[in-house]
Amino acid sequence: MITERKPKNIFTQGPIAPSFIADSIQKHETKTNIGGHSIFLGQVRADLINGQKVAAIEYTAYEEMALEKMHVIREDVFAKYPLVCMHVHHSLGKIAAGEICLFVFTSSAHRKAAIDACTEVVERLKAELPIWGKEIFEDESYQWKENK
Amino acid sequence: MITERKPKNIFTQGPIAPSFIADSIQKHETKTNIGGHSIFLGQVRADLINGQKVAAIEYTAYEEMALEKMHVIREDVFAKYPLVCMHVHHSLGKIAAGEICLFVFTSSAHRKAAIDACTEVVERLKAELPIWGKEIFEDESYQWKENK
Amino acid sequence: MPVQVIVFGQLTDIMGNNPVMVDNAADTSELIEQLNIRFPALVNKPYIIAVDRQIVTGHTALSGNNTVALLPPFAGG
Amino acid sequence: MPVQVIVFGQLTDIMGNNPVMVDNAADTSELIEQLNIRFPALVNKPYIIAVDRQIVTGHTALSGNNTVALLPPFAGG
């Protein structure tokens, strides 16, 4: 029997707290078939653009579509790598420079699958999920973030 | 002027607590030139070997040599990748199945350097650091861990 | 048959945050033509089109009651 | 000139956890020969040799006051 994974919500209002990350790691203590965890965290940079410093990024998303896309990515990645589990969290709303806005967490028996899957999820998420960021400068002016 | 990095201790007695990982992440909030963190965590697996279950791994190291080697790895990795920072922690002593025994943490302005550096540190650490693990079974018998 | 149009990111600077209704558009090309007349700043802006959350290309027929989303380049993470 | 020998991992099952002193060994080959006589189980075990924390190969001269470490395959992480 094939296990169906239901679309999960990945969005969270505001920054992702380090204590939330710790709780998430802690929960895997009972999964003793895991040998390696790979984690990627996106942090808002205080970039200097034309002499203006980024104070925060305000994230918005086309949520329904993003969750459908993320579900496809999740299914693809589970089909490709022998993962034990995978968790993805992306912030919405205003995230100050220095705060965490993305948390991707993959776990597997051996390190390679966890590491490769984590990288692939980060790349696909940035390329395929309809999410936008408004870089808000210290004087409240803004520009729209562009991914490279 | 070239900044000299001094050899740091990477060894910690007992498991690495999720709260320690959270504190380590939290400390980077003020480094607003960071855009991405990559973390690898090693977790002790309850492998079943000839019908016996691994209850814990007891780690030992040739500490002085390991720290010298780790210093070389650190210098190499900082020379190769534009990292903002890098932290490595490895447990010594008895680590129960499900607990964290390795924490590698790299940070950079853009994700690629952090991800690639983290993977490289994990690979080199496993290949080059004089560390050994005794896999202790539930009945107190043991065998020596072999890395693949 | 009315079509609901929603936009995101930099396109909200042009079309606002509320859905825009377009009354008569047989396909996505007609729809964009009409939007370009109402919102001249939209012309030549980079975006892709999703109809009912599926990305489409070319002249995609609209049946009415569709939700069309204009999606500027993604910037998540 | 005495040489101190330390071992790790599976080799501690053979030689114990305390340093072993070897009195006369001009180089690492002589040293291993003597250890093989005292600890026959050491023969053919896989390990590399470090002299004063540097990995060495071949016949490496010992000057006395060296610490020689026998290192079985690493298993960190």
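Each chain carries a letter (A, B, C and D) given by its place in the written order, and its residues are counted from 1.
Note that contacts are C-beta pairs under 8 Å (C-beta built on N, C-alpha and C of every residue); 3 or more make two chains touch, one makes a residue touch a chain.
What you are looking at is a predicted structure, and each value in this text was computed from that prediction instead of being measured.
Visitor: Would you mind naming the chains that touch subunit A and likewise touch subunit C?
Guide: Output, common partners of subunit A and subunit C: nil, no chain qualifies.
Visitor: Take the average of all CA coordinates in subunit A, do the same for subunit D, and state the distance between these two points in whole angstrom.
Guide: The answer is 49 Å.
Visitor: Can you give the whole-Å distance between the Cα centres of subunit C and subunit D?
Guide: Those two chain centres are 74 Å apart.
Visitor: Mind checking the centre-to-centre distance between subunit B and subunit D? Centres are C-alpha means, answer in whole Å.
Guide: Here the centre of subunit D sits 27 Å away from the centre of subunit B.
Visitor: Hunt down the residues of subunit A that sit against at least two other chains at once, touch-wise.
Guide: Touching at least two other chains: 42, 111, 122.
Visitor: Considering subunit C alone, which of its residues make contact with at least two other chains?
Guide: Correct list: 77.
Visitor: Go ahead and list every pair of chains that touch.
Guide: A-B, A-C, B-D
Visitor: Taking the touch rule as given, give the residues of subunit B at its contact with subunit D in the complex, in rising order.
Guide: 42, 59-62, 64-66, 68, 90, 101-102, 122, 125-134, 144-147
Visitor: Spell out the part of subunit D that touches subunit B in their complex, as residue ranges.
Guide: Subunit D residues touching subunit B: 6, 8-10, 50, 53, 69, 71-77.
Visitor: If you look only at subunit B, which of its residues touch subunit A in the complex?
Guide: The touching residues are 18-19, 21-23, 25-26, 28-46, 97-100, 107, 109-111, 115, 119, 122, 148.
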